[in-house]
Structure formats: structure tokens, C-alpha cells
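Listed next: structures, encoded as C-alpha cells.
Each of the next two complexes has chain A plus one other chain: chain B in the first, chain C in the second.
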Partner chain A sequence: MAIPLLDIRDLTVEFATRNGTVTAVKKVDISINKGETLGIVGESGSGKSVTSYALLRILDRAGRIADGSIVFGGVDVGGADERTMSELRGREMSMIFQNPRAALNPIRAVGRQIEDVMIQHGLATRGNARGKAIKMLQAVRIRDPEQRYHAYPFELSGGMCQRIVIAIALACRPQLLIADEPTTGLDVTTQKAVMDLIVELAAERQMATLLITHDLGLAACYCDRIVVMEKGEIVESAAVETLFASPQHPYTQRLMRATPRLDSQVADLLPADDERRASTKRQPIGPPLLEVDSLVKAFGSAANEVRAVDNLSFTLHEGESLGLVGESGCGKSTTSAMIMRLLDPTSGALTFAGSDIAVISAKQFAHHPLRSKLQMVFQDPTDSLNPRWSARRSIEDPMRRLDQLNRQELNTRVSVLAERVGLPAHLLDRFPHQLSGGQKARVGIARAIALEPKLLILDEPTAALDVSVQAVVLNLLASLREQLNMSYLFISHDLNVVRLLCDRVMVMQAGKIVEEGPTEKLLSEPSHAYTRALLNAIPHPPAQASSIHSSSAHPPVTAL
Partner chain B sequence: MATMSRTRLIAWRVVQAVPVLIGIVIVSFLLTRALPGDPAAYFAGPAANAESIQQIRVSMGLDRPLPLQFISYVQDLFRGDLGTAISTGQPVIHELTTRLPASLELTGFALLFSMIIALPLGILAATRPNTWVDHLCRAVVTAGVSLPTFFTGLALIYVFYYLLGWAPSPMGRLDFLYLSPPKVTGFYVIDALIDRDLETAWGALSQLLLPAITLGLFTLAPIARMTRAAMLQTLESEFIRTARAAGLPRRKVLFTYALRNAILPVITTLGMVFSFALGANVLVEQVFSWPGIGSYAVEALVVSDYASVQGFVLTMALLFVALNLLIDVIYTLVDPRLNTQE
Partner chain C sequence: MTTLTSASTTKEGALRRFVRHLLYVMTDNPVTAVAFALFVLIVIAALFGPWLVPYNPLATDSSSTLQAPSWQHWFGTDHLGRDVFSRVVVATRLDLMIAVTAVAIAFVVGSTLGAIAGFYGGWTDRITGRLMDTIMAFPLFVLAMGIVAAAGNTIENIIYATAIINLPFYARMARTEVAVRRQAGYVQAARLSGNRDWRILAFQIFPNSLPPMMVQISLNMGWAILNAAGLSFIGLGVSPPTPEWGIMVAEGANYIVSGQWWLAVFPGLALMLAVFTFNLLGDGLRDLVDPLRRT
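Coming up: the complex of A and B.
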């Protein structure tokens, strides 16, 4: 067998913290051959990113490689001096990151940032760097590369920024590309475009790729082999076909179960013996609860008007769960803000529980009796909690404001709510930073249901959570709807998740609903091209081993 | 295209300064009228009776209603006439133009001195947290803010003038052996250099050194602290990681990537420190008999010298506005993100 391009043996990485040494990566063995694509899959805290930082030796000051060897192309990376490393980084192995906009220098023109790398590694001189940088912009399919050369990151979309980061990483034709969650936070269609671009450029340059992701579906679509990591250790390593056909380790099995597939029900995400599984009983649909009629929100001056929401009409019935799907900038968050009466619509009517709430100004609605019947769960479980309030204080806040309860009653209510959302009572006095992502999500949900709302607006409630936590939270939401007879307006970019929770789905594009229908029908027979594009772009873990790689065979999406 | 909007942005900032200036003129006028004490009584001297005081009041125009006084004040302003200082009998504008450069020279040198020390110290401390450089930075910062300037000044005079005899006597801007250089900028060191009179330049510089260091030790602290904090924060940013992963050398990462981003809050601090030092260096001026604007203002305040105080407040306000304008302009040059703001 040929010598692998990269050979990691027994890698152990430790971090010095206030509470002593923490081992983030334990005895990890990884090898990649030339031209191969390896996926490292794991949830937050699994050590997958730390492994890649160790590989480039760009660990934080507190981190150090405690043990093991890293050999890349015959060079001992662990023992190499800083000079050798500088030559390796960017030239032989390079990296692209999550959150592309933050990964670029905000006050340096993107073209210059590409030039910096090329000049540093001797692939360009000051004289010809500009032309070469523009060529690189062309290679990552940036339109008008001459103009974009002068652009700053804040002037570009997330997808464009990621292309720039890819251009920086590939400018020197490295042998190994490390992609650390390269598409997290990007829209599905952008994700597909970016991933297809990486795959294509990698193939063209016979480059090995290390794809680090939390998304099994993504790894299945684009990798040859997958390594599953949990708590700093590799629990399983196999070719994609083998791994999906017969996952060996219980963690891999749990992860696979929790990843939504085309055919899974919400309860399927959790093991059969898990008591948190939601019943799949459908609720009876009642009379209309929320009627939205010709809702418009326009921004900008009259001459230069932009309609974020353009003539939107729909009806949501009691007990119904309605999905609103669209990509960033389509107007779905503006819609939810108007329904929540946080934002005044430009025109249109909102009838909630029989009364027109569009005529009440956003300021007054905070004290309106109907306000308690309308609640929201936010996308970021951390940012949506007051960092200086305990979980208990956060949960009781709406009751303090809108209900007249004494201390005793408040405490009882909070305990009931905590039990309902599965939050252990001893966590109630903790602060957000002392809680895990899933626990914070539960606090957010408990707070939203505290006043027994009729309508709950869920704005990407699981987007920031690991898949296993997402599985639990989705089941919790499904159970709560049945127990409390609530209606949901579920806003998401992820059709897969929406499908699990909604009876009916609306697809939104550029402020308008382009397609609407019962979930099963819309997903199986989408009529609008945009719906089809969205569905196509979602990477699925294979239902059977034979269908692997089918989705990477789609022609690359080069627009966006 | 980018430069076009940049020029327009800067022009807009300048226009925005106009209402501020009008406000300053009004406020400085009203504030001085609110001062306790009667300038007419002071001017008339201890032997005056009520009648002569009244006479002086009329001659100074202080008996007229406030709006009328204000109008004639503004009219005088437009002619460049800031009135006459009661205590010295000199036109205020003359006093200010000789004293302001003295203060500016002192503050400017002090700031230069503290920047030369504080910026490298802050950067080094940020790149090597919890090493001896970091501890040194912390010690210097603490000492800088906690030692009062009059104490540092006296200590420096004691050591370098009295004990070692290295420094000239702390008596003003230039030893009486020298003639002041022909006025171009009003800064003695620079004027002497323009005049190619190295001896006078050296004389002026050696007079300047101790007070500038005294003030500089005080202004050093906030600059070093802000540099360290801003650099620490920037060095943890994700784009620094990208630059490192791309194999850019340490120097490039540190200066082109980190420092240019970290410099923005440092510039703000510099502006604040400069304007603060300009007003607050009275103590240093007193210790070194420096004929600056600060001691002038204190003397004028004591005797309710309306014209001088107004002149001082107006000058300082103009300086503040000019300085803030300069900082805004530097900001727009450093940070492209500001160009898009309305």
C-alpha cells in the first residue's frame, strides 16, 4: 500500500485551563491518501476541529500536542520548526473555515488577501500578483472578478465570502485541503454550490480533502471515508458505504438515527425505548386562528422601495402546524416579526383569534391581552436568554409581566413548566453559561409556553443545536403541541426539519409564497422550480447503501 | 468610486461641525456670564466706590441686556477680536496665540513620547500574555495612572536638575541665554530648526524634555492599556487564524492583519487623551513655569476675566472639534466599512 499523504498516529492534544489540563483529543489515528476525501463527523466538543488545528499547528496558546506524531508528505509536522510550518501552511496544506465572513480580514480588500498568500509562498510577485488573484477569483466563480478584487468582506454575501476563503486556501495549489464546517450557516443551495466547487477544484488538482462536519448527510454525499469522533476519540472509521450500511458503534447508530432522512418521522429520531419520543398522533384541525391578508413590509424610500414581504396571505388553523421555508433574505423573519407585532406592517391585515392586531401599534401590543397568546422561540438559545438571569428568572419573566401571581404560585408554575420541557429542577438556578445548548433551548421553550399561548412561532429553534439534541428538542416540541393544543408557525431554511413537525408547508422566495401545500405532497411532488432546487440541495444520508454519491452527481450550481 | 464617497463623507463630517461650533459660542458666552464675581469690581480695584464700579461696568458694556452683549460678542468674534484681558491689558487673541503653541508643543511631545513607549509595550504585552513584558506593561500602566503629574514632575526635577544636573532649570520654554526663534509655527524646537539654529533647537528641546516626559508618563497608561486590549481581542479573531493557516509570516499577521484592525480603538483613545491632556496639563505647566494656555485659563478664572475665559473655552472647543474631525477622517481612511454608512 502506498504511503499516505497524511499520517496521524496517537495524536493527543491537551488544553491548559483554570481547572487543570483538559484532553481534547485522545490517541487519534487518521490517514489520508492523495486525492482522497475523508470526513470527520462529530458533534460539538468531539475534538474534530482541534484535530485539524493541531495538524496545521495553529492551536490556541493554551493548547499543545501532548503526544503522537503527524507526518505530512514525509515531513514530521509535530517536530518541525516554525519556519518549516509557515512554508507548509497555505502552500502544502490549507484550511477553510466556518463563518466565512469572520474568517476574512474585514478591512483589507479581498483581492489583496489572496495576493498576500501567493506572494508569501513565492507564487506571485508584487508585479503580477493582481492578475493572478483575479484569476483565482475566476476559478472560484466570482462574477466580475476585476471589480470584486477591490471588495471588502462586508460587501459580499456569505457564500461569496466562502468562495474568497476557498480562493485563499487554494491559491497555492496545496496537496491537502482541510474544510472545517465550510457550509454551516449558509443556505442549502449555497451549501451545495460551495461543496460542489470544492469537490470540483479538488478533483482538478488531485487534492486530498479533509471535511470536518457535524452533518452526516453532507459527509455521506461528499466523502470516500468517514471517521466518527466522540469526546476526543475516534469511535468508528469506515468507508461511506460500510458505515451507512452497518454502523458498529452505538454512538454512530445514535447519530444516524438522529439525522433526519427523507422518510423519517419525528419519533424515529430517538431510539425506540426512549421515553422522550413523541406520539405521532395527528391533531384535529380547528377553526382559523391566524389569518394573514395581503401583508406588505417595505423598506427604503418610495423611489427605492424594497419589499421584504410582498403581499403575503395565508391562514393558520387551531391545532395546525404550518412551516414557512425559505433561504436567508427571503422575508421569513420579517414576517414572523410582524405577526409577533414587533414590527409594524406597511399594509395588510393580521387577524388573530378573531381580532385585527395589525391596527395595534408594535409599542402598544406589548401590553395587549392577546400578547400572551402569541409567543416565540428563537433561533439562538444562548443569545435569546439574558446572561444575568437564572433559568428560573427567565422562565417566570412573562408571567411576572402579564400575569398577577404571588411568589408561591410563580414557583409552582416554574416547576411544572420545567418538568414539562424536561429540564431537571436543580438546573433552574443556573445561569445560561452554566447550561448546555439543549438545556438552554428548553429554557427558551419553557418561557414561551409559560402563558399557555395558542400560537407559538418557532424561528429555526434547532438550527444552533447538535443533531442528537435537535432530535430531542423536535420530539419535545411535537409532544407539547399535542399536550397544550397549540398551533405552530415553524420558520426554517431546512425542509427536512420542517417536514418532521408540520402539517402544511409554504415556500417563500423574495418576499412571496411560491408554493404551498400539505407537507407530504409538497415534498414528494414539488411543482415550483425553487422548491425543487431547495429539495435537491439538501444532502441526505443514504436510505440504502447503493444510493451513495447519487446527490454529488448533480451538476454544480454556479449561480449565487 | 470608493474615494469619491470617502471625500463626500469627510466633507459631510466637516459640515456637521458647524452647528457644534455655533453651540459652543453660545454656551461659552452663557457659562462665563454665570461665573460668580464681578469683573467690573475687580477691574476698578479695592479703592473704588459704587459709582466708579458702575462707570466701569458701563464702559465694559456689562450693563446692557444679555442678548445685546451676545450680539456684540459675535460681531467682535467675526472681526477676530476676542476682547482684552483684564489682568494683563493685552488683547486675548495675542495671549492665546503665544500661549497655545507652548501648550500644544508640550502636549504633542508628551503624546509622541508616550506613543513611542505605549504602542510597542501594548503590542508586546498582547502577543506574550502573562510573561514579563505583560507584567511590565501592567506595572507601567498602574504607575502611570496612580502617580500625580505634579509629583512626577517634582521628582524628575529633583533627580535630573538638582542631583544630576543633566536638565536645565525648569523655568519656561527657553533659557534666558537664548533668543526665541523667529515665529513660524510657534513651536520653538521646530522654529529653531527651520531657522537652522541647532543650538537654540537643542536648548528648547532640553527645556521641553522633562515636562513632556512628566505629562507623557501620565498619558502613557490609557494608550498602552487600550493597545493591549485591542490587540488581544483582534489576535483572537477568526481572520487571524485564517492568516496563520495560510502560512503568512508572524510579522505580516501581527502588523498588516492584527494591528490595522486593533488601531481603531487606539486612535479614539489617542484623541481623548490628547484633548484631556491639553486641558489638564495645568499642573505640569505650573511646576515647570511653562507659559501655557492652562495656567492662563486658571488665572483668568480666578479674577472673572470674561474675555480671557471665553477665549480659552472657545479655543479649546475649536481644538476638540478639529481633533474629533481629524479622528473621524482617520477612521474613514482606515476602516472601509464606514464609507457605506449614511
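Coming up: the complex of A and C.
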């Protein structure tokens, strides 16, 4: 075997913190060959990003490489001085960051930013930089590169910004590209376009790629080999086919189980002996609970009107779960804010439990009797909890405001709720920053169900969570629906997650519903082109040998 | 780590946790520790000054005028034979009182106006904004002079004047801090929990915008002390023979030419030390009130 392009041995990274030294990465071995695509998969806190920072020597001041060696193309990165490193960075190894908008300088034209890196590394002169930059813009498939050269980051969409970041990263023809969650925060269709572009450019240039992601499906679609990390250690490393055919480590198995597949049910995401698994029993669907009739929300002046939600009508029955799927900017959040009565609609009617609530202004609805029957679980569990309030205080708040309970009753209710959502009682007095993402999500759910609502809007409730936590939270939501006989309106960009909980799905595009139908039918026979595009863009892990009755290894799915 | 936090979540642990956090903030940044030590010293001088000093700060002694610093009179004596050390220490209370009251008024009124402007936006915001701009348009010290001269030469008026010129800083800061949190997830969640607007503003948004305001309060304190001393230096507000740093510097300035430097230098140093302490205190205070730092 040839000498690998990158050879990391026994890498250990430590961080000095207030509570002593924390080892973020423990004895990690990774090697990448020329032209190979390696995926590092792990959940938050697994040390996957820290590994890549160590590789580029861009760790925080508190972090240091405690042990091990990093050899890149014959250069010892661990011992190299700062000058050698700045030569290497950008020119030999470059990186694509998670948030493309934050990675670009907001007050400099994007073309200039591409020029900067080429001039910095002596690959272009002031005279020919412009031409080269435009060539790079062409290479990342940006239309009208001549015009886009002068664009500022705020004028471009998230996907376009990520293309610019890729152009900057590839401008010096590096040998290794590190992509740290390059598509988090992008829509699925954009994610597919960006990932296809990275893979294509890497193949064209014989470039090695290190893809860091939390999404096993994404890694499966685009990588040759996968390294699975947990708590700073590599637990498994194998070629994609082997890994999916026979995962060895229990953590890998758990991760694979938790990643939703095309055919999995919500209970399948957790091991068969896990008591948190939701039962498949369903309450019968009752009479209509929410009727939305030609709902419109328009922004801007009459002459220059933009309709965020355009003539939306649907019915949600008692005990039913309805999915609302669409990409960013399609109007799904505006819709949920109007139904939640946080935003006043321009026109249209909302009939909830028999009374028209659209006529009550958002301001008055805050203390309307129906307020308690209409609750919501927010997208970001961290943002939705007051950082100065303990978990208990957050859960209590709706009951204090809308229910007359004494101190004793409140405490009992909070304990019952905490138990219901699986939050250990001793965590109730902690502040949000002392809780993990999954625990914060539980606090948010406990608060939402505190008043026993009839309709719960779930606004991407698992988008900010790791897959294994997502599995638990989805099962919790499924169980609670049966216990409390609630209806769900599940809003998401991810059809794969929506189908786990919903009976019916609506697909929304540019403020309008383009397709609606029972979940299974919509997914198996999508009639609208947009639904098909959405479905095709979802990266799926290959079917697992152990979950279906076949022992033969399945070919990896390279593009779906 | 986990055992630590779970053990300290009990009620009686709250004080101990605060003390531990205080100790951490001190040891993490020695400058903060120095600032806190000086602050404690200033507070002691303000509270117990009159009982601690060796001489009556108002007692004149014609037999020992304009004496240089000695073991008997640490900071020397002034032109009426009064002990400068005693006067400097006793003056702390008055200067601190003016500054604290002025800053407290400015903080309460300014941040309330600013928070309402930031929360509701629109006309409320525009009117408050223009009002604050008008105050800011004046040279602030001259405005304070004008207010005291017009309203009458009393300590209360010095306090009001200092509060008025500090208002815009709090109003602007509160406005920004509230406006960025207006659409936060926990604010939306509070609406769903049935909270009315004023409750959301008072209990959800405002406490979360406190940490940066703490820094402002501390910096402002130093400035307010300087301002009060400045006003009495030019003869407004406090009148002799009350011990006050500004007056003492003003009186002492006449004697510098003739070589009796101690009359002006020691009150000046005290003034400088107080301003310096409050400026340093800011960062430490922010670390202390920010729950995110408390892990």
C-alpha cells in the first residue's frame, strides 16, 4: 500500500478548563490516501471537529495536542512552525466550515475573497487574479460568474454562499479538503447539489476529502470509508459496504438504528428492549379540530406585496397527525405562527375547536381560554428556554399563568410532567446551560404539554438534536400523543422524519400547498415534481443486513 | 463535574455556590480581585469613615496650618489647620452617595425607557430615541452645569443633573439588548404560556439583558464621581466647609504654586482611585451576574 497522504497516529488533544484538563480526542489513528473520501461520523461532543482543527493547528488557545503525530505529505504538522503551517493551510489543506455565511467576510465582494487566497499563496498576481477567480466561480457552477464576482455574501442564498466557500477552499488546488458539516443548515435539495459538487470536484482534481458529519446517511452516500467516533475515541473504522453490512461496535449499531430509513417505523429507531419505544397503538381519528380556510399572510405594501402564505386551506382532525413539509422560505413557519396566534393573518379563517380564533388578535389571545389548548414545541431547545430560569420554573410558567394552582399542586404537576417526558427529577433545578440538548428538548416538551393541549405544533423539534437523541424524542412524542390524545401539526424540512409520526403530509412550496395525501401514498407515489425532488435529495444509508432478512452485503448507494 | 453540580442544586448550597463562583471570578482574573479589594475599602470608608478618622474633619486649628505630611498628619493639614487625611476619608461617603444615587436613577429611568422602546418599536422607539439624542447633543458637563445653576445649588440637584446626563447611555443600551431578544425562542414560548407583554418584558427579556448593563453601571459610577467632583470644583453644588474631593482639590489648587502640594494631590489621588476601581470592577461584575459563567 502506498504511503498515505495524511497519517494521524495516536492523536490526543486536551483542553484546559475551569474544572481541570479535559481530553477531547484520545489516541486517534486516521489515514487518508490520495483521492480518497473519508467520513468521520459522530454525535456532538465526539471530538470529530476537534480532530480536524488539530490537523490544521487551529485549536482554541485552551486546547493543545498532547500526544501523537500528524504527518501530511511528508511534513510533520505537529512540529511545524507557524510559517510552514500558514503555507500548508489553504494551499495544501483547506477547510469548508459549517456556516457559510459566517465564514465569508460580509463587507467584501465574493470574487475578491477568492482572489485574496490565491494572491496570498502566490498562485495569482493582481493582474490575472480576476480571471482566475471567475474561473473558480464557473467551476463551482455559479451562473453569471462575471456578475456574481461583485456580489456580497448577503446578496446570495445559503447554498450559493457555500459554493463560494468551496471556491475559496479549492482555489489553490489543495490535496486535502476538510468539510466540517458542510451542509448543516442547508435545504435537502441544496445539500444534494453542494455534496455532488464537492465529490465531483474532488474526483476531477484527485483530491482527498475528509467529510465530518453527524449524518450517517450522508456519509454513506458520499464516502469510501467511514470512521465512527464516540467521546473522543474511534470505535469503528471500515469501508462503507462493510460497515453497513456488519457494524461491529454497539455504538455504531445504535447509531445506525437511530438513523431513519425509508421503511423504518418510529419504534424501530430504538433497540427492541428499550422501554422508551412507542407502542404502535393509535387512537381513532375524531371530528375536525382545526379548520384552516383560505389563510393569507402578505408582507409589504399593497403595490409591492409578497405573499408568504397564499390561500392555504386544510383540516386537521382530533387525534390526527399532519405533516407540513417544505424548504426554508416556503412559508411553513409563518403558517405555524398564525395558527399559534402569535401572528395575525392578512385574511382567512381559523376554526379551532368550533370557534373562529382568527378574529381574536394575537395580543388578546395570550390570555384567551383556548390558549392552553394550542401549544408548541420549538425548533431550538436552547433558544426556547430562558437562560436565567431553572427547568422547573420554565415548566411551571404556563400553569402559573393560565391555571389556578397552589404551590403544592404545582410541584406535583411538575413532577408528573418530568416523569412523563423522562426527565430525572434532580435535573429540575438546573439551568438550561447545565442540561444536554436532549434534556432541554424534554423540558420544552414538558412545558408544551403542561396544560394538556389538544393541538401541539412541532416546529422541527429534532432539527438541533443528535440522531440518537432524535430517536428518543420522536418515540416520546409518539407515546405522548396516545397518552394525552393530542393532535400534531409537524413542521419540518425532512420528509424522512415527518413520515415517522404523521398520518397525512402536505408539501408546501412558495406559500402554497403543492401536494397533499396520506403519508405512505405520498412517499411511494409522489405526483408533484417538487415532492419527487425533495424525496430524491434525502441521503439514505444503505439497508442494513441485519434488519432485513438477507446476509449479503448491499452495494453502497452513491447517489439517490 | 456532574457530581459537583448535582450536589450544589440544593437550596442551602446557593450561598456557598455564589461564594465559590465569586472566588473563581477573583482568582481567574487578579485585576478583578484588586478592584474588588479596593471597592471594599471604599465602601468601608464611606460607611464608617467618620468613626475611623483620627481628627474631626471640620475642626480648624490655627496653630498648625499648612503642615506637610507627617506621622501626626498623614496627608498634612490645610490652610485652616484641618487634617487632610480625615477630610479625604470622610468625603468618600458624600461622593459615593451622589454617584450611587445618580447612577441608580439613571439606570432605573433610562433602562425602563429603553426597554419599552426596544420592545414595542415604532413611535415609542422614535420618540424616546430623539429625546435621548437631544440630551446627547449637549456637551454633557456643560448641560449638568446648566441644570444645577438653573435649579439651584444643592446636592439633590447635582444628583438629578448627573442622572439626566447619564440617562441616554442606559436607554440606548437597554433598547439594543431588548430588541435583539424580542424574537427569541423563550419569548415566543412565554407568549404561548399566557404571559402578557409587560410580564415578558419584565421577567423574560430584561433580566437577560442585565450582564452588559452591569458593566455600564460600573463604568458610569466612576464617571459620575468625577462629574460630581467636577461640579463642586467649579463651585456648584456642595459648598465649603463640607469635605468633598472636588472642593478640596479646588481649594488646594491655590497652594500648589507656593509648594503646599498635599492639599490638592491627596483628594485628587482618592478621586482617581475611586474612578479607577469602578472602571476595573465592570468586567468582574459582568462575570458575576452572568449565569452562563457559573458552571
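By definition in this document, the second predicted complex is superposed on the first by the 543 of 560 C-alpha atoms of A that agree within 3 Å, B and C clash if a C-alpha of one lies under 4 Å from a C-alpha of the other, contacts with A are read in each partner's own complex, and residues count from 1 in each chain.
The definition used in the following text is that a residue touches a chain if its C-beta (ideal position, glycine included) is under 8 Å from a C-beta of that chain, and two chains touch if they have at least 3 such contacts.
Note that the coordinates shown come from a computational prediction; the quantities given were computed from them, not determined experimentally.
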- Touching A:143 in the superposition: chain B (first), chain C (second), both, neither? neither
- Task: Based on the superposed arrangement, let me know which partner A:532 touches: chain B (first), chain C (second), both, or neither?
- Result: neither
- Query: Touch check for A:97: first (chain B), second (chain C), both, or neither?
  - Reply: first
- Message: Tell me the contact category for A:521 with respect to chain B and chain C: first, second, both or neither.
- Response: neither
- Query: Once the shared chain is lined up, is A:165 touching chain B (first), chain C (second), both, or neither of them?
  - Reply: first
- Query: Between chain B (first) and chain C (second), which, if any, makes contact with A:367: first, second, both or neither?
  - Reply: second
- Message: Applying the document's contact rule, which stretches of chain C touch chain A when the two form their complex?
- Response: 1, 4-6, 9, 24, 28, 184-186, 188-197, 199, 204, 207-208, 291-292, 294-295
- Okay, in this complex, where on chain B does chain A touch? 2, 129, 237-239, 241-250, 252, 256-257, 260-261, 334-337, 340
- Note on the structure: In the complex, the residues of chain A that touch chain B are 56, 58, 61, 82, 85-91, 94-95, 97, 99, 102-109, 116-117, 120-121, 150, 152, 154-155, 165, 168-169
- Quick one: in the complex, what on chain A touches chain C? 18-19, 340, 342, 363, 366-367, 371-372, 374-376, 378-380, 383-388, 394, 397-398, 401-402, 426, 429-431, 433-434, 444, 447-448
